[in-house]
Every structure is written in structure tokens, then in C-alpha cells.
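Letters A, B, C, D, E and F name the chains as they come in the text, with residue numbers starting at 1 for each one.
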Amino acid sequence: MKMVKAIIRPEKFPDVKNSLFDIGVVSLTTKNVKGRGNQKGLVQQWRGREYCVELLDKMELEIVIIDDMVEKVVDAIVNSAKTGEPGDGKIFIVPIEDVVRIRTGERRSSALH
Amino acid sequence: MEYVSIDSLNVYFFMWAAVLVFFMKAGFVLLEIGQIRRKNVAAHMSLKFLDMSIVLIAYLFVGYAVSYGMQYLWGTLVPGGVDTGSFAHYIKMVMFAIAAVTIVTGAVAERIKTSGYVIGALMIGAVIYPIIESFAWGSSGFLANIGFHDFAGAGVVHLVGGVLGLTAAAVLGPRKGRFKNGKPIPIPGHDVTYVVIGAFILAFGWYGFNIGSAAFIAGDGSNIASVAIATTMALAGGTLAAALVTKGDPIWCANGMCAGLVAVCAGADMFSPLNALVVGSFAGLQTPFVFRFVEECGIDDTCGVIPVHAVSGLWGVLAAGLFIPAISLMSQAISAVVIILVAGVSGLVVYGSLKKLGLLRVSENAEDIGLDEYLYEMNVYPEIPIGRES
Amino acid sequence: MEYVSIDSLNVYFFMWAAVLVFFMKAGFVLLEIGQIRRKNVAAHMSLKFLDMSIVLIAYLFVGYAVSYGMQYLWGTLVPGGVDTGSFAHYIKMVMFAIAAVTIVTGAVAERIKTSGYVIGALMIGAVIYPIIESFAWGSSGFLANIGFHDFAGAGVVHLVGGVLGLTAAAVLGPRKGRFKNGKPIPIPGHDVTYVVIGAFILAFGWYGFNIGSAAFIAGDGSNIASVAIATTMALAGGTLAAALVTKGDPIWCANGMCAGLVAVCAGADMFSPLNALVVGSFAGLQTPFVFRFVEECGIDDTCGVIPVHAVSGLWGVLAAGLFIPAISLMSQAISAVVIILVAGVSGLVVYGSLKKLGLLRVSENAEDIGLDEYLYEMNVYPEIPIGRES
Amino acid sequence: MEYVSIDSLNVYFFMWAAVLVFFMKAGFVLLEIGQIRRKNVAAHMSLKFLDMSIVLIAYLFVGYAVSYGMQYLWGTLVPGGVDTGSFAHYIKMVMFAIAAVTIVTGAVAERIKTSGYVIGALMIGAVIYPIIESFAWGSSGFLANIGFHDFAGAGVVHLVGGVLGLTAAAVLGPRKGRFKNGKPIPIPGHDVTYVVIGAFILAFGWYGFNIGSAAFIAGDGSNIASVAIATTMALAGGTLAAALVTKGDPIWCANGMCAGLVAVCAGADMFSPLNALVVGSFAGLQTPFVFRFVEECGIDDTCGVIPVHAVSGLWGVLAAGLFIPAISLMSQAISAVVIILVAGVSGLVVYGSLKKLGLLRVSENAEDIGLDEYLYEMNVYPEIPIGRES
Amino acid sequence: MKMVKAIIRPEKFPDVKNSLFDIGVVSLTTKNVKGRGNQKGLVQQWRGREYCVELLDKMELEIVIIDDMVEKVVDAIVNSAKTGEPGDGKIFIVPIEDVVRIRTGERRSSALH
Amino acid sequence: MKMVKAIIRPEKFPDVKNSLFDIGVVSLTTKNVKGRGNQKGLVQQWRGREYCVELLDKMELEIVIIDDMVEKVVDAIVNSAKTGEPGDGKIFIVPIEDVVRIRTGERRSSALH
């Protein structure tokens, strides 16, 4: 099993959610994170004087799936989260050794959904 | 011992009232921003500053003259000008004017352009509202002549503001995401506490509005005391009725309280306490239902201006005719129709033209990222992380 | 030139005061919700709307008559009713009544049922408070007859409200998690700014309460000016004393300011500025200590109603006797005992019965998930992520 | 029928005004805390409680006597004391005094020690401000004698408060991180809504300040009505001008509104509406530019006290001379210089000495972790997660 | 070493904390997250009209431990976080290659506690 | 590739950011987290009575880098985030199997920066 950990633009979340739904992926966990990378910081103003917020609001999705689904999920995210501008984000694939469903104690892939 | 002249007492009385009415502005700001999303709060507050300052100026130069006589045109209401006796009246009426104008923001929040909104406010404050004011309250206004009784502006202020808000909301169209396949989807505001505190500030100022609508304090003072009682009972009825039909939801209690206060305005000088209780209760009662109905019609009335100001204002005008023998229901009804027509048509013309000129609605992008970011690159609560599911 | 009649000035003066007292409601709301957790804010504001609207109505129909004469029963206080001279008095006294009743919420917040709270408020506003009011302020009230002096309600309003709050809190029991093995664990509120602004709004309204407690404005006006000075010095003393014993903790400054204002009420018309300073200071000083003591007794007084209203009210009643030669300390003490007994017994009966009937306390589940979610499925700040360690 | 004496009306009028001025405190609190970071909010509110309570007391014992005659020393202004006629005047003037003193906090926020701040406030409230007050408003004050006209304190209150704030900010030095290699870096506050609501509360109270500066209500009341009109037009001009040069930024609108209100104070009794509009507009206009200039000078004026109070106050004093024929520009200018010198030198001495004594500035550690944590181990919004990029 | 990454109901945190403490696990990191899965969304109201919040508040715990502790920790969490209703959450086991204690520079398991 | 997951004191972030910048690491994702470990809880007051907040505010950085950079990044963080007092935090090294840049679909190390 793998965890697909995707950092996306918050405003793209509804689209990403839908395209994941289309390939049957419902379960996921999200976090509000802040990030920096190629995208330039955000210029903000206070009393009309500018200052730069370096860390930008991003949303992180963590989706644990069986190995066979990884490419499908990656494609779904890339297609729905892309704008082509710097700041679209990254996907990291993390190995997962086991999964437990707290409600039942089930293990491994049967615990996933 | 020297004694006090009637004039000096009444002028002081008007000042007291006008200052309370001025403070309603803070109530409107809180009531409204509580019902919108955080990303548009700064822009909304900017609208409130702009409409207030522009109308204060426009009413001095033009509006007051339109309402009360052309001798006051271009600010001749100055020391050494035509009529020192009008000073106190002017200051009271200009505060009424800024209240009337600012009702509209509640209906158009989160999507209107600053330019369009300000032009609209200027038209209303300088011309539309004063015209209706002159009909009802001007010397020999034609509604006054047919017996229209609108003590504290249920019609002149609230029905006008509410109908203008309705036209503006209709012309603007709903916020993005407000309807899905025609089904209304609520867009929660960001702060229920602000809604409640805003309503209490409004109610506080409303006492100035209503009591201060008396032309003078009678010898035994009973005229202003009975207005205060009617206002209080309407406020209680509006709150309680709204609470009963919504299990005490504080947003509706706040709106119901305001609705009761709107409705009592027309006859606050003549309603018995029981009349006022009934009138206010009905106003509070209808608020959630009318809001729902307006939604079903596809109109996005962000802060509930239509039930609270338009419908309660209309109800108040009619209720004065229904409950008070000395007031003709027919005159009230005719006047209401005239007001709705004048305000409705002007609203459609003004906001329709602004739309044509591309001055009415912000771009979809601006709406998405939020007006504060778009206009000011501003985060209104810079230390609170953003928690809304987008 | 026409001159102003004493009546019209005094009625206007009462209106000014009544409207300020009305605004105290917003102060209570902010002061209290700042001291509770976010998950119960909407429900708490709902209580405030409900007690206000219900008491406004009940006092018109019943309460005022209980206090000031049965000729006013069932709302006969209407234009054309018995007594136009009472209008202004009524409007002032009904605002006092809603203030007295609403003190209780501070002691019972975050765990009381809406139904039980509202029934309690109705009993207080229609019967309990008016009975005590009639003892002290009614024509030939028996406390008045023995020389009880309570100018602006340190006893009638605050001691009553505070004792009722105490009984309600005791009967209800503490919030879940408030004590661990008998040791008090603080449950922080959610907004210290609201506490402070609420206190300033209260103080603002309090000037109406105190100054407006004068029965009339004397010919040279000195009677109301000296009330204003006493009020101001008590406010200063209460704030400063609370600050000194808590290193300036703003929550305690806010509470100390209110405590000073409570204590000065009884003799605000006769205290010298120095008296008032001392009286207010002591009230502010005891507030943190009494709060701590109440905690140690296992009573969960959410917002500090007992030190601020009950103890400061009691102190104020006694202080009037201590500092003012013309007032008998014995009469004050007897009256305080009577008030405590009547309020205490009624409180135990009312809240005890409500408890028996299962109408007093929400379920543990509701308390856990929060009353707003439980009652309204509402999140009072929908865009602020939840940050409390649960 | 009995008639009302002039005295009783005027005393009531002063009470009305004084109570409104008192409420400005809540406005200052909100306006200022909105402009600072959350980590210092409780400490800042504590300063506001402390300066208020201390000045209320100090002015009773010393300040009022310094300003208006040594017969009032040590609180002899008591019932049975020297002069019952002064009660109402005292209560009005003490409210002016707490407003003047509290202006300073805005300039020194987020880095001043409580002890130093309080000692400074005590010096200002007991001595510095009363001395200047006596020059301008005392019987046979020397500025009054040369023809200085400062109706509602543009000079006496705002210029004094602003200059003291300037000296304090200069002596204190900027907050950590406010400048980087001499370049100003903005430190955003935490709540723009509070800034706006605070400004509206201030404006509301300002009507009491300005209208209440009339020594009495004239027979036809026109004197207070024309003050109200001037105040209103200045408020409108200040808001609109600030909006125009900042595209409607609500922080600047709020500050511009206050700036307009400051500037109109000097001649509010004699400005025509148009004068007032121009005077207020210029005050609003300069606000963002002067703020920027002050920044460039390396001074960290946290809440913009220098443009809003000092510069607008100065402008108001001069504008009264410029626009009103009966007022000598020369007298106004000389008086402004005197006020700036007295306030400036006293400020430098007081804050310079406090610095020498190590009582002025908090430790770097306290500034880093925040004054609330440092002083009170308090989190002002315990349920809101911290979201500022540190 | 492994990271036990558990997504639980926020209201269960005090119980979970205690049962971890009982098996000697003190150190942990928590996050406020939002998730979706089998549990239905939360119905909320605004002005009396319902809307559905799809992402529910959850709490994520990250606990890094030596391999031998994994089962114990999983059991402790399952036992204390379970309600039996959908939404109890999941546990993911993630491999950890190294650990560093910033204060001392210690590495591997000695850096853990 | 590895993910360096560092839990630090929030007030140390500016220093850490700078020293990462010095070794050429710009991209990173941050989260506000709360943690507990050796550091004692924070004593807070409400109405003058003390209570203890057990979970302390920490900042978590996630930095995905090529294997060769791991030691450099660890050193940079340790050096800049250390105060020597309990509570400085931990660094966890997590294996990453793949990276995708959403904007371009690039994979592996070329997707990293």
C-alpha cells in the first residue's frame, strides 16, 4: 500500500475531490498547510504598505490506497489540480507497511475502504 | 431663575436622537459582515464608509433640498444661510438618510463593484430617497396629503431601502455557488456573534430613530414615552416570534428583532403596547419564511434585507392602517404601492444601467479569491488561519 | 417664548436613561460569551434574546403591576389606559427588569436547558423580581417603610440577580470537567476582548442606570451630577483595586469595574466622591478572592456573577448604611437579609422544581459536543478552525 | 405647570455628553487592539483599564484643581464641598481628560512596560494635560487671553495627546522587526473589523465630545445643532478623502474619519458646513502620507496617532484661524507652538526619565513571546489556533 | 523504527492519550485534520437551511517508536479510540529510516524518547 | 528520495528557513502541529487560576530531497533549531518512492525543485 501525499492549491480541492470520486476514491484526509517553492510569495498590504507573505496557503491530501491504484490517483490529481502556473504543487508517494481500521481492527487492504 | 425654551429642549432632543441613529451604522456593519464570508469583509466595510460619507455630503447639497424645499440647495443650510431653525431638523434627517441608503448593502454583499455601489448610493441619497421623503414628509407632500401616516419611516426608510435592495440583488444575480441546479445552497457567514451584537446596536440606535421621530416633546412627555413603549413591545414581539419558529436560532432572533422594529415605525406614535406587540410579532414571524421564499425565487439576498426591511416595512405601513382607527388603510395601501413603484422602478433603472455599463458586478476571479485580496491584498484577520472548506 | 415643563424634561431624561440601560444587554452578551467556550456561544445568545423578549412582555402584563399597583395588570398601561403619567416610569423600570433577570445566565452558562432557563426567567421577571421591587420601591413597600435605601438597585437588581444566579448554579451543578477530585480546573472562555468590550458597554449603560435612577432632575441639576461623579469614582476604584490584586489581568479589571458599579448603586445619590471610591475599590478588591472561594465550595459560577453581583450588591447595600449618616445600617442589613431570603428561597424552589421536572440540565452528550451543534447544528465562527485541545 | 431651569437642562446636557465621551474608551480599545498583534492584546487592554482608572482618580484630586482653580484640590469637589455648580463641569472635563491621556497608548503599543506607561499616564492626567488645559480653558488662562480658540480640544486634547505619543514612541524606539536596514516593514495588526467598529464607536462618542463642548444650549438650540453639522461634515470629509487616496482601504477610512473629527474640534462651533467639510477632508487626506513619512523617519507609531491626533489637531487649530474671520490665525499659531513645546518637552522629560530608570521598555524576550504570555500566561483567544507566520 | 499515524475522533483524544501513557508512550505529535470516508458528512444549518460539511474534523496522531512497540501502540489506540460507528478512523504504519533529536544530535532509537 | 520531517519550535522557523536557504533548499511545506515529549506542558492562567496545556505548539517542516542531501539538511536544521532545552524537537527521515510535479507531470528527482 502507498500513501499518495499531494500538496495542491486550496481552491482546486473541489475539482480534485470530484475527479478522485470518479475513479472510486472517496476516503482521504486533508490538512491546511503552508508551503514555499517556485511560486513567488504573496504580496499583502497593511495600511497601504506592502509586505510579503512567503509561506502560501496550500492544502495537503493524504490518500492511502493499494499499490495498483497509485498511477490512477496520481493522474486524477494531476489532471484536476493543474493550472500550469508555478505553485500547482507536488505529489509524494510514501510506502505504507500496514493499515488498521480502528472501528473493526481489520488490517491491510481490507481496512482501507 | 431662567427657564428653558421649548426650542432648546427640542433641538437637544433631536441631537440625542440623531447621534443614536448615527451609531446604527456600526450596527449595520456588524450585522452584515457577520453574515458574509471573511474574504469579503474589508471590502464590505469599505462600502459602508463610502456610502456614509458620500450621502452625508450629497444630502447636504442636494438631498435635503429635494425633500424639504429648494431654498436649501447647494448647502445654503449654513450659519448665515436661509434658516437656522432647520439645523436640528437637518441633522436628524441626514442620519435617517444614511440609514436608508445603507440598507442596500445587505442585499448585494460579496459581489458588487465598489464603483457601481457608490454611484447607486449617491443616486439614492441625493435623489431617490429624498423624492420619496418629500412625498411623505415634505411640506405638502402628496402622500402626506392623501393621509399617509409613516411616523418613523417603515415606508420611507425601510420599504424604500428594502425594495432598492431587492432590485439590486435581482439585477446583480446570485453569488457563485449560491444555487445548484436552482436549489438554494446556504453560504454561511463568518461570525454569528457579530450578527447578534450588530442587531443590539441597531436596536439601541432605533430608539433614537423612533423616539426622535416625534416632532417635539409634548408638555407631559407622554408622546415620546408611548413611542418608546411601542418600540419596546415590537422589538420583544419580533424577537420572540422569530425565536418560536426557529427554536431560538440567534441569527433569526437578531433578524426578527430588527423586523419588529421596522414594522413598528409607521405607527409607533399611535400603536397601543398590544398593537405594537402584535405588529412586531408578525414581522418577526414572517422573516424566516419570506427569506426562504425569496431564496426559492432564485434571488440571493445575502443578509435578509427583503424580509427584514421590505416586507416588514410594508407590513408596518399597512398595520398602521389596520390597527389605528384614525389612519386610513386605503391611504396606507396606496402610499405603499407608490413607494414600491418609485423605489422599484428607480432601482431597476439605476442598477440596470450600472450593469449595462459594466460597473455592477465584480469578475468571477475577484469573487473567487475574495474581494479583500482582489482589491486590497488584505487579510482582514491576519493571524487566524483560514478554516473554510473551499 | 414658550417654556419647557418639568414633566417633559423628566420624561426625556427617563428615555435617555432607559435606552442606555437597554444597551447593557449587548454588554452582558459580550461579557458573558467571552467567558464561555465557542461551542456554546449561539445557545447562550439565544438565552439572552429569549429572556429579554419574554420579560419585556411579562413585565408589561404582570410584573409592573406586581411592583407598582394592580391597576396596571394585564397591560392596562396603554394609551387610553389608566395612567399616562406612568409611561415613562414603566419604560425605565422594564429596562431595569430585563437587566436584573439576565444576570442569572452568567452563572448557569454552558449547561442549562433553554426551556428551564426561560421558565426561570419568566418566573423572575413576572413575579420574583417585581415582588422584591415592590418591597423596596413600590408605594409603601415594607422595606422602604423601614428605611431601606437602594437608589439604583444594588440590592433590588444586583443582589437579587446574583443570589438567584447562585441558587441556579448550585442546583445545576458544575460543568463537566470543572472540578477534578474536588479541585477546581479553570475552563477558559474563548475571547478576552469580548469580556473587556462587554464590560465597557455595561459601564456606558450603567450611567443611564444610575443617573436615571433619580426621580427627577433637580433645579440646579446637582442631584444627577453627583450621581455621575459617584458612579465614576466607584468604577475607577473597582477597576484599579481589581488590577492591583491581579497584576492588571484584563478579565479581572473588567469584572472589578462592574463590581464597583454594582456596589455604588445603593447610595450613588448620597455617596461623596471619596465614599464612592472606597466603596467601589472594596468591591473590586473582593472579586477575585470571592470568585476563588466560590470555586473552592464546588460551585461553578461561569462568569463570576456571585462576586460581581451578589457580593458587591450586598456590600453596596451595607456600605450605604456605613458611610451615609442619614441611612440606617440596621435597616440596610435587615433589608439585605430579606432580599437574600426571598431571592434565595425562590431560586431554590424554582430551579429545584425545574430540576425535578428534568427541565434544567442538558444531557452529557449535548454538553460534550456543545450546545450550538446539539441545538442548532451551528458553528458560530464557521471559518475559524477549532483549536482547543479537547 | 412648573418650568425647567436653564441649569437643570444644561447639567443633563453635560451628563449626556460626558457619558458618550466615556464610551469613547471602548472605541479606543477596539481601534487600537485591531492594529496590534494578538499576542499583546490582553496587555494592551490592561493599559487602557489602568490609565482610565488612575486618571479618573488623579484628576479628581489634582488635575481638575490644576486646570480650574486650587480650591478644588484634593477632591474638595464633594457634596458639601466648595462648589456644587462645578459637579457637571467636572464630570465632563474628567471624561475629556481620560480621552486625552489614552491617546498615547496607540503610539507605544506592543513594547511599553506597564509600570512606565502608568507612571506616564499619571503625570499626564494629573499635571501635564491639566496645565495645558488651564492655559486654554482655565479662567484667565494665558492662551485664552491671547485669543486662542479651541472649542472642543483639537489642540488641548488631540495635539497634546498626539505630541506626547510622538515623544513616547521616539524615546521607546520601534518594535523589533519594524525596520530592516532602515526600511519600514509593516507589522499587520490582528483584526481589521475591530479597527472599523472602534472608529465608529469613537465617532459616536465624539458627538458627545463636540456638541458637549458647548457651555450651554442656546435659547433656540442653534449653537449645538451647528456644532453637530460641522462635526458630521468633517467626519464625512475625513472618511471620503482618506478613501480616495487609498482606494477605500477600510483601515484608512477609519483613521481618516477620526482625523476629520480631530481637526474639526477647534472651530466646530464656528465652522460653516463647507468649512468643516474642507477641514475634515484635508485631515483625512494627509493621514496616510504623514503616517508614511513618520515611518520613513524611523518612528514606530503603532496605530497612527501622529497623523490622526497630532497633525490633524495642529491642522484643526490653524484651520480655525484660517477659515473663521473672528479667530486670529496668529493666536492660533502661537498657541499651537506653545502646546507643542509644553507637551513635547514634558513628554521627552517624562519618557526619557522612565527610560533612564529602566521602566519604559519590556525585555526583548517579552516582546518576542508576547506580552500576554509574558505578563499573564494568557492566550486572549484560547480556541483560535495561532496562524501568523512567525 | 516506525511511525504510527492514527486518524481518530477528536473527542477520543483524552482516552487515547491515557492508554498510550499506560504503555509508556508519552511523546507524540498531533494535528487537526479533516477527513472523509465511510462516515457521512455533517449536516449543518445556516439561517435554518441545511448544508452538508463533507470533510469532518479529525485528529491525527504521529507517534514514532521502535518496531517492537508497534503492535502495542496499535492495540492501545484501537481499544481506546473505538466507538464502533463509522468514522472511528484508521491507523497507518509508515517506515522511518532515521530519527534525530535536535537538542542533542542523537540518532536512531536513542533519539526517540 | 527522502522526506525530512522536522518538528521544531515555531519561533525558530525564521532561522531554520535561512540556514536551509544557505544550503540551497528553498522548497518546503510547513504545518502547525502540537506535540508532547520531554518538555513540560505550558502553564496558562484563566482568571488567575493556573491550568496546564499539555500539547505545545510546534511547527512541522516537510522537505523532500534527494538522498545525498539528507545529511546536509539534517545538519542545517539541527544547527539552527537547537536551543539545548527540552522541546527542541525531532527529525524523522521517511522514504519517498516517487515525486510528481503537478504543474508538468515530471517525475522523480527532476520534479523536486
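Please note the rule applied: a residue touches a chain if its C-beta (ideal position, glycine included) is under 8 Å from a C-beta of that chain, and two chains touch if they have at least 3 such contacts.
Remember, predicted model here, so these are calculated numbers, not experimental data.
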Equivalent interface positions on chain A and chain E, same or different at half: different
Could you tell me which of D-F, B-E or A-D has an interface matching C-E, in the sense that over half of the contact pairs are shared by residue number? D-F
Using the average of all C-alpha atoms in each chain as its centre, how far is it in Å between chain A and chain B? 46
Averaged over CA atoms, how far is the centre of chain B from the centre of chain C? Could you give it in whole Å? 32
When the centre of a chain is set as the mean of its C-alpha atoms, what distance in Å lies between chain C and chain F? 51
Identify all positions of chain C at which a residue touches two or more other chains, and write them in rising order. 1, 3-5, 7-9, 16, 188-189, 219, 249, 376, 378-379, 382, 384-387, 389
Two or more other chains in contact with one residue: find those residues in chain A. 31-32, 34, 44-46, 50, 54-55, 94-95
Which chain pairs touch, all of them: A-B, A-D, A-E, A-F, B-C, B-D, B-E, C-D, C-E, C-F, D-F, E-F
Seen from chain D, its contact residues with chain A in the complex are 184-189, 246, 249, 251-252, 288, 291-292, 295, 304, 389
Interfacial residue positions of chain A with respect to chain D in the complex: 34, 44-51, 53-55
Considering the complex alone, what residue numbers of chain E touch chain F? 3, 17, 26-31, 64, 94-103, 105, 111-113
Which of the residues in chain A end up touching chain B in this complex? 10-11, 13-14, 32, 42-46, 50, 57, 59
Within their complex, state which residues of chain B touch chain C. 1, 3-9, 13, 16, 20, 37-38, 188-193, 196-197, 200-201, 203-204, 207-208, 211, 217-222, 224-226, 228-229, 232-233, 235-237, 239-240, 243, 247-250, 253-254, 257, 270, 272-274, 277, 384-388
